[in-house]
Structures are given as structure tokens and as C-alpha cells.
Amino acid sequence: MFGKAPKPLTCGFGLQIGAGEVYPELNFTLPTMLLDETSWPSVVSHYEEIGEMIRRAAKRLHLPGLMVEFELLPPMTERAEWGAEITAVLHRHLKQAHEEIGLPCALRVTPTDIRDITRPPELRSGKAWEEMCRSFDQCAEAGADVLSIESVGGKEVNDEAMMYGDIEGVVFALGVLAPRDMEFLWNEIVALCAARNVVPGADSACGFANTAMQLSSQGMLPEVFAAVIRAASAVRSLVAYECGAVGPSKDCAYEGPILKSITGSPIAMEGKSASCAHFSPVGNVAAAMCDLWSNESVQNIRLLSGSAPEAYLELLAYDCRLFNKARESGTERTYQKLLVDSDVHESPQALVLSPESTFRIASAITKESSHYRRTVAAAREAISVIRDATMQHELRLRAREAQWLDKLGRSFDALPEKEEGLMKAMIERYGHLFSPESYGL
Amino acid sequence: MNELHELAQLLEQGQRQRVAALTQELLGKGVGPQTILNEGLIAGMAVVGEKMRGGEMYLPEVLQAASAMHASLGILKPHLLRAGAKPLGRILMGTVKGDMHDIGKNLVGIMLQGAGFEIVDLGLNVPPQKFIEAINAHSPSIVGMSAMLTTTMLNMKTTIDAIAAAGLRSNVKVIVGGAPVSQKFADEIGADGYARDAVLAVDKVKQLLDTAAWSMPTERLTD
Amino acid sequence: MFGKAPKPLTCGFGLQIGAGEVYPELNFTLPTMLLDETSWPSVVSHYEEIGEMIRRAAKRLHLPGLMVEFELLPPMTERAEWGAEITAVLHRHLKQAHEEIGLPCALRVTPTDIRDITRPPELRSGKAWEEMCRSFDQCAEAGADVLSIESVGGKEVNDEAMMYGDIEGVVFALGVLAPRDMEFLWNEIVALCAARNVVPGADSACGFANTAMQLSSQGMLPEVFAAVIRAASAVRSLVAYECGAVGPSKDCAYEGPILKSITGSPIAMEGKSASCAHFSPVGNVAAAMCDLWSNESVQNIRLLSGSAPEAYLELLAYDCRLFNKARESGTERTYQKLLVDSDVHESPQALVLSPESTFRIASAITKESSHYRRTVAAAREAISVIRDATMQHELRLRAREAQWLDKLGRSFDALPEKEEGLMKAMIERYGHLFSPESYGL
Amino acid sequence: MNELHELAQLLEQGQRQRVAALTQELLGKGVGPQTILNEGLIAGMAVVGEKMRGGEMYLPEVLQAASAMHASLGILKPHLLRAGAKPLGRILMGTVKGDMHDIGKNLVGIMLQGAGFEIVDLGLNVPPQKFIEAINAHSPSIVGMSAMLTTTMLNMKTTIDAIAAAGLRSNVKVIVGGAPVSQKFADEIGADGYARDAVLAVDKVKQLLDTAAWSMPTERLTD
């Protein structure tokens, strides 16, 4: 259920997440401009302006609580001081909001995964890796309450495999490569967070599943394929928790509900509220289990009412009032059902995000132990979730989508029992795209 | 002539081997390469295009069909050359400096390849200088730049200006794209074209160099 | 209830409004640019771009229906051909959407009330008046399905009276001047619509009540004052219906629910969905009775997902799915209660928009016959609505707000029985601001 | 001295007559005009300002207090002049060409008046030429422009350019505002200041011409 997580957590200035209330998570980014020494002062002024706006709007909207996310842009990660400077600015404004109007709030900071600046990406060492670690450390020191990342291990193979509809390749990327990188990466992040006494938030399969979602919205891939990749991608995101991450998960990690039902940790989600960042077929259903409700990101540009971030914050605030009023009045089940039923009959991508579906997929995952088998199990369960819905006439698939669903079913059934059965072929097929050392292979 | 129709169908099904074989067979029978191209390959890819637009075919299938077409084209090429047809232009693709979003750029490249163009992919995080060197090295007719960040899109302008400064602007047409990019922005930075997605990108390229002989009829492919 | 109006209406390409479903009403405007001969071609291309976007998005979002509003900018009204040209462009795209994907849709066109270009405004004759009439006529001819306006008669006095907190002046403006202009103006518009076979939509008290709302949000006026003005302004908007308007009312006419319960005509409303146009304390409650759900207006600029109008259309579409799913599943009362209860305890402006409050205000209005007495009655009822809520501890007013509520109570009780009792004093006080002839005085 | 404190309170309550009377009385008793201004009026309006910021006082009450202050100032004026204090600057206000949104502009004018400035209001739909003529006629120290439409805001630039072309730019400081306007836009068109609302507008003006003597302490009024 939205707002309630078995393992709620408190962070920042007394912000309780998953303890009953749903709070907005506000995201924002720079307008069209170059980011370099020359423009740096104006970059800072943008974040100062946003900080002031947040204090003003929090008061105007009577916000009961607020999470703010600062997503670093690549140069802010490469140059740790830059990311830290902005982190400090936002931290200062949140502190002030807390002191002045008692706003419970926290700051999530998300450094950029810059390791794929080289191809094949060098994931465990090298300049990018070291810069990234420094960025995490200095942002933590500068006032981050939660640290997250949208990591890319395995993406270099998944991108290619998806485009060619190569299921073996997708599973190899999501079930073999990605989890290996997640394990390495998150052990580092969790240790760093412990040292800095910061909350290790979670990761996002954005580079895998949201890319697929965008591809399908462009008519490049069938929706059923995107839906299956969504489910399968939860396994690699889950690894962060196995390493000690406690959430809240990243807003763009639509796999959140699956993670929530497995780990009990609170999740951030985005749907129609992120129409500024990207379109999606899951605008309402994405909210069904959220603990934080986010807009993903919007440029700090002027609309007719005020700045675009303020306009989206108002939206989030009113949406959150509905979640919380529903809980308060005991009608949360009815409201959740509305959120779910209004989308699940329109798209298989919405269907696999329903509480029911995500619970099924979660159980399928926990039944298995290896990342590889879990990935396959999640995908297979997603397929049968869609199959069942079509049989019960709760979802109508276009002919070609239906054919692809069968094709996917066959391909996933044809996969070997163990990842070993895939290794050789995959290294032959995709060896030119990734470096084994980066995955401890 | 129903063997040509068969060729078109095999192509649509992405049957690389059988398309190649049938191409040989037809040539053997003395069917003109231009005829095979137009009534076989082009006709087939036209159907592919329509089906993709209608959501009846997806990228993986299109890529299969494209590879079958390339198998056949490989065989026809010498004959076509003798017949005086000229190949399509060469296209330089790259994600601009500071940006690591590359799948969009890759996709555009693949679709263009499918349309019979030759692609030189400079990868991601590509500085202006590298574009310039590549223009000198490959003398492409088109340079395509991708940017997905509001903080990198202006590097497209930087690059266009650098190309101009290097005296190469008149040698190439520049097309741009990416999530934060718009036609308005493309005009502002002096690009020659913009497209919202890979399919429209192919249209745009065809339009910029009104291509001849070997082209798939992407007008159809994408209408 | 949202989506259902006693007097549903059908317009444009088979769009049924108030017959059960709630549909998005999309609004948009130009980005920062000059509007003149030189820029005209690019002006047209903006609306062409929006038209194409609408066709694409309607398909992507599986829209069950759509209302599009074109709000003319002043030069487009002064030069009737310009407004007509854009009207034709949008009409063409809607026609195509209807033919290609069977989208039920309609086009609302709102010429600008340019009569206040002279001060005091010349309302019943003169250049501006004639231009405005031509604009209405040519837009109707060019393909408008519904005609609306945000008329300004009485505003010249109300602006001043509000700022000085002069209740007599406000009542004179809203209850004496405004209704007179409405009557004159709407008899003309209704006649014109009849001749052109176009639906006479309704008017909006935007220039009165939304100005007050903005003033209060800037801390210039107490919220209770803005709330009372909202209620009182319904009377002048009602006049349009008395002259033959049938709705749907204008999105920015938050007095809509009052009009709906009196006339039974469907209404357009906006709330959080209009955060791009202006902020408000009524984000959710505004939706409680809507038949069309609008974003008021947003510039055609590029966001990260696509254009801002497309981003807001996606939002509207998902909100509408909730309305319609609630109705379909018979849980509309629960959902409506959520929309209402989540706002009414936060602000008196939200309180007076609840179905209960608007019904009370509507009855108070219908009990009286003269526009003047109706205006006073509406205001008094709004005051007691707020009083009751504070007594039942359902609304907490800040000390100063409470004092103002009493002050307002006294002032409205002290008003003369008939408008005649006010005339002399008002003409002395505000005679320099308005011309009697414009009101047939 | 508690009569001055009383004056401040009467002012706060907007008691125009009694404020005027007490002002006379104090002058009669030989209290210096500067003292009356600083410890009476300024002190009183300072409280008004704080209360407005804190939502304890609204526009109508502020306007009453301001009118009481002006009544007293009228009496003090000659004495202050003799004492060598100089009046605040004159400000030109107008809504730019094509725009009929004027209440925001009016409000800014009223608040500035309340702050002791002299306002020349050019009304709405004001073409550049009219601004220029008014500058010549009234030689204001500040020109304030309002625009509420995306399609009229650029007329602010047009007007600033026209003022410059007329060789008057250095004579005045220009401030701008309105719903679609932002600090960034103000910088782009070369304005000297921007403010989000009327209260901040007063701050901005005070800041632009660091004013003396007769000013209400709007730093306090608006902090």
C-alpha cells in the first residue's frame, strides 16, 4: 500500500518515509546552458533560486514533508567539489526550512555513473571510477542524507541485445553482468555511507527498463517486451539491498513495487507526475505502492505561474494530499484500486506494475537463488501475468504484441538452467562490448 | 514477375540466406540488377516500412530484413555500378562532448544503415575536434549529432561553429536530435535538420540529400 | 458530481459533455515572442505543431475524448482574420483526429475582451467593441464549436475597491455594473452563436475572483475576502446563462460548481492541473464537480519529455482516467470526498468550492431575484459557510483572517436593501473610473 | 518619548485625522520634524511592514496607514525641507504596449507611493514613445514596466532600447515585472531590476536609489 512500508526509515531533518504518509520528492535540473568554469556561478544561482522557491512553496502548500533530489550532471561528478557545493546549497535551504517552518525534509543526492565514458566501460578502476567515489564521499560530507545512483553495469550489452530482440543477450546483461557490477558497486557505496553516516538509498534500472519503455513508446519494441524487461530488471536492482541498501529506491526505478514487496523498504515512484521528464503508459498505476511521489526532473525555466519546478511541486503536493487523506479516512484500498484499474487495462507495462502483478513477480524471484535464475523467473512470471490477463479478457493485445508474447515465452523457456550454459556463446557474441575484468570474470 | 515478389517476401521475413540465393538465381536468369533492386528489395523494404509504422513490425524484425537486404545488395553492387547507379552518401554519427546517452544515436545509425547509408560512428562524448578530423578522414555528406542533456546540447552549436571555422561547413549537412532538442533549437544553432525519432531521421536525411538509385523508398518507409 | 450534468451537451465532433465522462480540456499559448506581421508565420507554425502533437498524443494516451481551447491573444482579436486563421488550423487537426482515430473532440475559442483598452472602458460601442464582434463572428465561421469570453465589465471598479477593501465598491462592481454588462454582452453573443450555429459557452469571473485569489496568495488580501468574492462573482457569471449560454463554463471560472448546481449545465474546471498557469489553494477540490478538466494554459516550450502542452495533456488524461474509472466502478462518491476533504481544511477558498458549500451558495442566490441582492446573498452565505466550518473546527483561521471574516460579515450586513441605496455614493466614489453609458445608466 | 510612540500607533491604525493633529501638536511643542519623522512615522510604518509580511496586516490596512503617513508628511514637508532633508525620487509606471493587465502595475505603484515615492502612472498599453515623452516631461529616477503576456514582455526590451536610442538610458533606472517575467529575462533585456511582487518591488527601488530621509524603512518593511 502507498505510504506504508514494513521497514520505514527516518532521515535528514526528521523525514519519516513509509511510516504512513506519502511525501513529494522534488527533482529539477538546469535549463539549456553550458556547464563549465565560466557558467559555474550562474549554475549555483539556479540551485540557490530553487532552494528559495522550495522554502516558499513548502509554506504556501502546507507541505507535511518533503524529499529533495539533486541529480548530479556529469561534470559535477567528475569534479567532486562542484557536486558537493550544490549539495551544500540545497542542504542549507532544507535546514532553514526545517528551522523556520518545521518542515520534515531530507536531501537525496545522485552522482552520475560516469564509468561508461570509456567503451567497453571500465567499472572497477580507472579515472572515472575514482572520480565517482570521490563524488559520493564529498556529497555525503556536504550534507546528503541519502545517496543513490543509476548504475550502468551490463547496459553496454543490454542496449545491443534489446535492439536485436536477443533474449539470451538481455538475460546475460540483466542476470549475469549487471548483478555482478551491482554487488561490487554497492558494497563500496554501503561502506562509504556507513563511514559518513548517510543512508544508502537504492539503484535504478533506468538504463535498462526505461530505455526499453522509451523504445516501445517510439514503436521500436513491443510493449510486452518492455514489460518483461521491467520485471527482469528488478533482480539487478535488488542486489543493492542484498549489499545493505535500505532505500528509499530511486523514483525512476519503476521496478520499485517489486523491490518493496521483497525487502519491505520504502520506495520513490513517478508517473503522470513526471510528464515533464518523459511520457509513460503507467501514469496512475505507478503510484499504487509509492512512499515518495516524484516528478523525475524538470528544467528550472519560467512558466506562467512561476518556475517549472514549483509548478510540479504543487502537483506533487496535491497528489500526496489524496494519498494521505485516503489513508486517514480508511479508503486507501478504494483509491489504490482506482489508480491501478485506470491503467492496467490499457497497457501490459501498466499491468506488470499492479500490486498483484508485482507481488507475483516478487515471489517468483524469491523462489530462486542465483541472479541468473531469478532474472529468468521474473521474466517468465511477467509473461504469465500478461497471458492470464489476456485470457481473462482484462487486457487486449494487438495481434503483433500477442505474437511477441508467445515468442518471448518460447525464448525464455529455451534458456539453459544455469548461466554457465550461456557464458561461452555470449562472450563470443558480445565480447567486443564488455571487458570481463569489469565483472570479475 | 512473381519471383521478384517472392524475393520481396523473403526479404520481409528477414531470410538472409534465401534472399542472397534468389538474388544470384535472378541475375543468372538475366534479370537486370535495377529491376531486382526496385521490384524486389525496394518493394520488400517498402512493406517493412509500412508495417513498422503500423506497429506490425518492430526494430528486431526490421534489422533482420535490413541485413537480408544488405546481403542481396552486396551481390548486386558490382552489377549496379556497371549499370551506372551510385551508392548513397556516408553519414557521420556521434553523441556530443559530455554526453554518454548513446542508444538514441545508435538507433538512428542502425536505421540509416538499414536505409542503405554508410555509417561512421564516432561513439559518445565526442569533442568538436574529433568531428572535424572525421570529416576530413571520411568526407561524409551528413554529420549527425546527438545530445540528451540540456547541458550538452549547446555543444552541438560549438561543434557546428568549429566545423565552420575549419572551413568544412559547406561540405556537410548537419542534423541533430535528442530528448531536449527541438526544431526551434536546431534552427537557432544553424543545423540543417532535426528529427524526433530514428524513423523520421531517415526521412530527414533522404530529404537533405535527395538520394538516388540504391535508396529504399523511405518516403514510403515512413509515411 | 464530476462528469454528470443535468443538462449534458454534445458539440464539435461528437463530444458529449456532462453525460458521464470527464474529458481533458487542453489549453496552450505562445512562448516569449513578439506577435506582429513579421512573426506571424512562426505564430502559425506554433499552432500547427500543437495540432500535430494533439493528434499524436490522443492516440498514445487512448483519449476517450478531448476539448481544445484556443484563447486568442489581443492582437488576434483586434485583427479578426488572425484569430480565424488559427481557429481554422486547430479545427483542421481535430477533424483529422476524428477521422483517423475516431476521437470525439471539440474546439472552444475565446476571443479577448479588448474593450478595456480605453479607460474608462467603452463597453457597448467603439472600435474595440466592433473588432471584438468581428472576431467572434469570424472564429465561429472558421470552425469554433464553442465560444467563450472572460469579460471585464465592472472590473475597473472592482480592482480599486478590492485593494481598498471597500465592500460597497466590490458589491457595486459585481452586483450592479458587471451584471449589466453581462446582459448586454451575452445577448449579443448568444444571437451571434444562433446565427452561426455555434454553442454559446459561458463567461468567467477571472478578472474579479482570480485576481482576488492571486492578491491573497501574495499576502495582499485575506483569504476569506478572496473566498467571499469568489462566491459573489458567480452571480455576474450566471447572467450569461440567463441570456441563453449553455456552457461548458470556462476553465478559469472556479465559480463553476455554483453555476452547475443552478443551471445544470456542464462545467470546465482547473486546479492542480493548471499549476503551469497560476498557483492556487484549490488544487483538488476544484475537480469535485468538473465535466472538463483543464490546464488553463502553458507556453509551447520544450520540456525534457516533449512540449509543455503535451506534458500537461498527459497529466489531464491520467486524472480523467481516475474520474471515469471511479464512476464506472461506482466509487465516485468516495473519490469526490477525497478531492474535497484533502483541500477544504487547508483554506477558506477551498472550503467555499466544496459541493456542499456551492450548493448552499447556489440556493442563497436563487432565493433572491435582483442581481444586486443575489450578489449580497451569495457573499453572506459564503461568510456563514466559513463561520460554520470554523465553529465545527473543520477549518482553522489565523487570527487576522478571523477578524476579517467578522469585518466582512458586518460590512455585508450593513449594505442597503436595494442597489438604489448605493448608487449615489458609488458614482461619487468611483465615477472617475467607469462611464455610466457603458452600463446603460 | 511616548507621544511619538502614540503617533506611531495611530499611524499603524490608519487614523488619518488624529495622526495629522498629533503631528501639528508635536511641532507646536517644538519637537524636531526629523525626530517626528524617524521616531513617529518611520517607526510606525516599520511595524506596519512587519505585520504585512507576517500576514498580520493586509493591503487595505496598509493603504490606510500610508494615507495617514502622507497626511503627516504633508505637514512636515516644509519643515523637513528647511531642515535640509530631500524628497524621494519620482517613479514612472506603465503596462507595456499590447497588454491590458494593469492591477499588478497599479499595486506596485500604490506600494511605492506608500513608501513615500511620487508615482506617475502612464496606465496600460503604453507604447515606447509615450514612456520617452514622460521621461522628458517628468524626469523620473526610475521607470517601472509591467507585462503579463509572453507576447508583450518583449515590448519591455523594445522600450528600453528606445529609451537608449533617445539618449535617456543613463538618466533612469529601469525595473520590470509581471507573471511571465523573471530575473533572467530582466538581465537579458538590460533592465536594472526585477521583483516578483509589489513588496519586493519596493525593496528593489530602495536598493537602486539608496534613498534617504523621507523613506519608510522598507528594508524592515520587507525583510
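Per-chain residue numbering starts at 1, and chain names A, B, C and D are given in the order in which the chains are listed.
In the analysis below, contacts are C-beta pairs under 8 Å (C-beta built on N, C-alpha and C of every residue); 3 or more make two chains touch, one makes a residue touch a chain.
The structure presented is a predicted model; accordingly, all values stated were derived computationally and were not measured.
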Point to revise | Where chain B and chain C overlap in contact partners, by chain label | key: A
Practice item. State the chain with the largest centre-to-centre distance from chain D, centres being mean CA positions. Key: B
Review point. Between chain B and chain D, what's the gap in Å when you average each chain's C-alpha atoms?
Key: 63
Practice item. Would you kindly tell me how far, in whole Å, the mean C-alpha position of chain B lies from that of chain A? Key: 33
**Study point:** Centre-to-centre distance between chain C and chain A (centres being mean Cα positions), rounded to whole Å
**Key:** 39
Study note, to complete from the structure: Residues in chain A with touches to at least two other chains are numbered 29, 278, 299, 304-305
Exercise for review: Give me the residues of chain D that touch two or more other chains.
Suggested key: 150, 179-180, 185
Practice item. Take each protein chain as a node, join two nodes whenever their chains touch, and name the resulting shape: line, ring, star, complete or other. Key: other
Point to revise | Contacting chain pairs - touch in the sense defined above | key: A-B, A-C, A-D, B-C, C-D
Practice item. Would you mind writing out the residues of chain D in touch with chain A in their complex? Key: 150, 179-185
**Study point:** chain C residues within the chain A interface of the complex
**Key:** 29, 60, 62, 217, 271-279, 283-284, 297-299, 301, 303-306, 308, 310-312, 314-315, 317-319, 321-322, 324-326, 329, 331, 334-335, 337-339, 341-343, 346
Point to revise | In the complex with chain D, residue positions of chain C that touch it | key: 29-35, 73-75, 114, 116-117, 119, 159, 163-166, 211, 215, 218-222, 225, 278, 299, 398-400, 404
Practice item. Enumerate the contact residues on chain B facing chain A in the complex. Key: 52-53, 55-61, 63, 98-100, 102-103, 106-107, 110, 123-125, 149-151, 153-155, 158, 179-180, 185, 197-199
Check your understanding: Which residues of chain A touch chain D in their complex?
Key -> 49, 302, 304-305, 307
